[in-house]
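So, here's a batch of structures to check.
One chain, chain A, links the two complexes that follow: it is found with chain B in the first and with chain C in the second.
And then the complex of A and B:
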């Protein structure tokens, strides 16, 4: 057992010497996580500019202009009035999300029932804001259409009135509008179609999207670190450590146990740093920290063991490195490190959940989103521990069957 | 010059013999094209109206209102499939999206009774909100149709009254088109490929380009070059050239794969796109050389390379449309090379704004490449 501790101390000392590389393992998920959190945070909303050309300058056109600046929409879109020429130039240059031109005769068209066309030019390099602008504009124009259809008679009377209508005319219009409202009221108050959006069942809680990214980013750190640590077997072989080891009375299993313990500690530090910051940011209960840290440490050892076993199967370090790189990135993609499993297409998510890191990220999600700590089921713990033991056993076998002697 | 070409040629040969480099140059970009394009494609396609969303509409004896609701769902990019009831398929799975109406929809509405429309979706968190907005818009428009047609009709609400309303000319019409000359908004692979291409060029040049220089320094190869009859400028130019050709090979391969496998539409200004990407390659080659000169160990070079490439890609708009980022990130994008390259590509691909529109970006990238190369030359160490 003392040799295992010696092996552990040796590895920690070696990794401390190249602490910049270890810092980079910490920095990669931290930076990526930070950027995604900045982007997906609740306070962050897409923001763009709508260039507006109001050639009509009437009460109705100003109503349209005002609609874009009201409420939540106003937080997404800044409206900037401009001229038609400048607007076209700027939207073609990609400086705005859209350009809306309300032509002269916009209000008159409503009163005279003569069609008029508004022009909307959207930024093709953007995805969300042009869609929102188009939807809002269509809804506003639809509202105008229905108002026109409902009150066409009254609008006709209004347009035929002189500048100084009599009290009787005003009263007649008011009564007519009131009658129309009473006519539509039975189907509108309450509406004859009531919309109900079914919430996701409680068994499948839907935490904020930004929180769903968090376990995948932690697992990215764990996968990078465990793969990097696994490549250390090749370095030790080149240095002759492994060859000397097989001819010494020390036990390979203890040597490997020391390496696994060092890997667990380094992985816990690498993943733990981002994890603590994530806990602070997301307000996750600190009671989940120990169980989450232990989970990533044990998972990390399992991944380290299998990456090492895989790398030791090949005849050269280059081949081993190429194969493990080819494996790491698809694993990260499917396992929810770039996009959470919840937003991946069904078939990719299914593969992801079956992949080792996807399975680990999925259980970590359970742990950090559950009400109480230690929410990962016993079977999952046993599976990961068994995975680590079998992986390490394969490593011992490979060290004994020639890898260490070469 | 001959010496520089000699070094460039041998550097390139050496890099192309490295399995890792080959994987990152030729295999990983298409894998990422497929993955990112597939994941983001559904979402952006729905936002831009490029893709329709299938939905099962369950309604027992819906009557004439089925046609009107169907029309409004289709207006909002849904593809409804009407059924009398929802039953699980042979695997016991329910449809992914179900809109359920109470029985006898039309007769209840005509009688002024409230009908519940319940929408259940298992869509991902990313697209769920937008889907709900579209369902609400479809149903509220249908409600407005019902109320208006009913008010205009002398008798009870009928299919004929709704048809008459649908045939009315809209006084306010909207002509929507993307800005620029391109008539189709890029989505899915067309949107994902340029960003991934820009990111991978930087990633390969910053990692393998930089770490190769570190390894050569550690192994004493650079020290031996110092004693060879060639100037320092020739050595650095040769190293730069090898990386530049590697970047161009990667870009060429990715453009070819993007076009042939993913049907990427590059627009009419392909020669200018090539010029932009070559300028980008020049910048990346300089950056790889600079990082290789600054890093002390192989681990530092490749680690910092991965870190810088990912951060610059994210901030420059390679990962997501820059509009979704906060204002400070959008401003920052104007000052970083990935942002310049993405802007130039958007001008040429998304706006089809003409070759001249990308000239300022090309000049900026080449200037950037020169400045970074000057730093690399200054910091270049033989040992």
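And then the complex of A and C:
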């Protein structure tokens, strides 16, 4: 076992000389993660401007303006009054989502049930906000139509009144409207079906999308590092040190154990650096750090072992390097490094979770989003450890069956 | 058990009927030799003769097809680990971690051979001094010259003080100064009691370093003995090379006819379009007759070279080809 430690120290010392490789392993995932965070990290709702030309300036036209500014709609749309000319120019310049022109005589036409045209111009360069504005406008018009049908008598009284109705007249109309509302309320809102509302157990809030990218980014660093470290067997073969090792009484299994330990530490450092940055950015509890680091270290050793075993199957370093590198990209794609598995369609996510790094990223997601630390189940730990052991056994077999002797 | 030829000779390295086949190709064909303590045994042969294959079999890198070899009494197959523990290998190609300081290389290989930490530091310091790299101990081998790398390569092979050292063409591509330093180191190891197996295709290295040697070609040992014993196989003959303008075959026949009358032990070693190389005892005495024979064929000699025979001559005599072919 002491030679395993010697082998471990040797690889760590060599790794410290190869700063550039480490930088690449860290920099690429960080760069991609940074881009994703920049693009998706700010949880911003779309916001647009509705330019309004109110040529009517009546109570009804102001109601329409108010409807756009009320409630959640008001968070999406800012209403800004302007003139027709200015409004058209600004919509054409793409400065607003839409322009609504309420023509003079709108209220009068509404009350007298005569045709009137509201003009809505939308910004063709936008899709969502103009659509919302159009839908809201149509709903308002529908509501106006039904109100007109329901309160036609009251509206007729209103239109026949003089400019300054007395309080008694207003009160009479209000009472009439109220009575009608009371009469139609059971019809409009009939309790036909009794609904028993059962509150579901409070679901844990789903994590923000950008946080779901985080484990995939970490695994990207781990995949890069483990693939890079696995190529060291070929490098040792080229240096002649593997042959020299076979000349010695040292055991190949101990040599490999040392290499695997070194890989675990290096991967923990490489992944850990990215992880600490992510923990800081996302405000993940530090209690998850040790378990997460251990998970990526063990996962990294498993990936390292399998990459090494794969590379040692080929007869030349070039072929091994090309095949291994070709495998990295699909693995990253499938494993959720570019698209979080949680947001992919079910069957694609299932395939992704079946890939080694996807499985590891999925469990890491569990760990960092769970309330408590050490949330990865025992079976997952055992599976990854078993994968690492099998991979290392294949490596020993290849070293003994000629790879080290060539 | 080690092979014992005499009461005082203890074979530290013993090879018996060792063969290595690759399918139908016989790389090493039933070779046997032994080397003792404080002895440099040379394995001399051209490239591809089977020297490295023999070394790789002894070192445990290749499994022999048949035969046996033992190192310090330990069979290389049945007791491989003990055999390897007693063996230091300096491979033909450099086998160093170029990104690990020289001192760390030595420590690593020392530990690979099981040297404990306490003894290791002392030994590493000794070896660094010995290979002349004390002042570059913390530097990376990738910054070293070719000669310095060779010396470090040698140091890594002997850091565990092995009783048997295998040196596989250690001077290939080495500058004269580093070569001389390597010779000194080999001699020092021999003087310290190590048994050294030294493979080379440089005849002058074998003559300088080896107490005894074997000549190998096409996987077979074709001659074996001490340098003097092998030289004696040539007798008191000289090597004569004639160059000029003459028909080669008629000239050879004419020389043979004349010399045989004088009862000399003539053998032709090589011939080219305008030269003939032959061995002959007391060649200088026969020169007039030889020139007469050449003149008799209508030819003329423009250059004559007369020298004492060496191992190269023996190799030429035994195989009909030059050692460096």
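Here, the second predicted complex is superposed on the first by the 240 of 406 C-alpha atoms of A that agree within 3 Å, B and C clash if a C-alpha of one lies under 4 Å from a C-alpha of the other, contacts with A are read in each partner's own complex, and residues count from 1 in each chain.
Convention: a residue touches a chain if its C-beta (ideal position, glycine included) is under 8 Å from a C-beta of that chain, and two chains touch if they have at least 3 such contacts.
Remember, it's a predicted structure, so these values are computed and weren't measured experimentally.
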Chain B versus chain C as contact partner of A:10, first or second or both or neither: second
Which of chain B and chain C A:402 touches, first, second, both or neither: neither
Which superposed partner A:344 touches (first chain B, second chain C, both, neither): first
Touching partner for A:74 - first (chain B), second (chain C), both, neither: neither
Which of chain B and chain C A:333 touches, first, second, both or neither: first
Chain B versus chain C as contact partner of A:2, first or second or both or neither: second
Which superposed partner A:18 touches (first chain B, second chain C, both, neither): both
Chain B versus chain C as contact partner of A:372, first or second or both or neither: neither
Contact breadth on chain A, by residue count: chain C or chain B: B
Which superposed partner A:245 touches (first chain B, second chain C, both, neither): second
Set of chain A residues, in rising order, touched by both chain B and chain C: 18
Complex contact set, residues of chain B against chain A: 18-20, 22-24, 27-28, 31-32, 35-36, 38-39, 42-44, 47-49, 108-109, 112-122, 124-127, 130, 132-133, 135-137, 139-144, 146-148, 150-152, 165, 168-180, 182, 185-187, 191, 296-297, 299-300, 303-304, 306-307, 310-311, 314-315, 320-321, 323-327, 329-330, 343, 346-347, 350-351, 353, 357
Contact set on chain A toward chain B in their complex: 18, 20-21, 24-25, 27-28, 31-32, 35, 38-39, 44, 46-48, 88, 91-94, 97, 99, 106, 109-110, 113-131, 134-135, 137-139, 141-142, 144-146, 148-150, 180, 183-184, 186-188, 190-198, 200, 206, 209, 212, 318-319, 321-322, 325-326, 329-330, 333, 338-340, 342-345, 348
Complex interface listing, chain C residues touching chain A: 59-62, 81-82, 84-85, 87, 89, 91, 93-101, 104, 108-109, 111-114, 140, 156
Chain A residues within the chain C interface of the complex: 2-3, 6, 10, 13-14, 17-18, 239-241, 243-250, 405
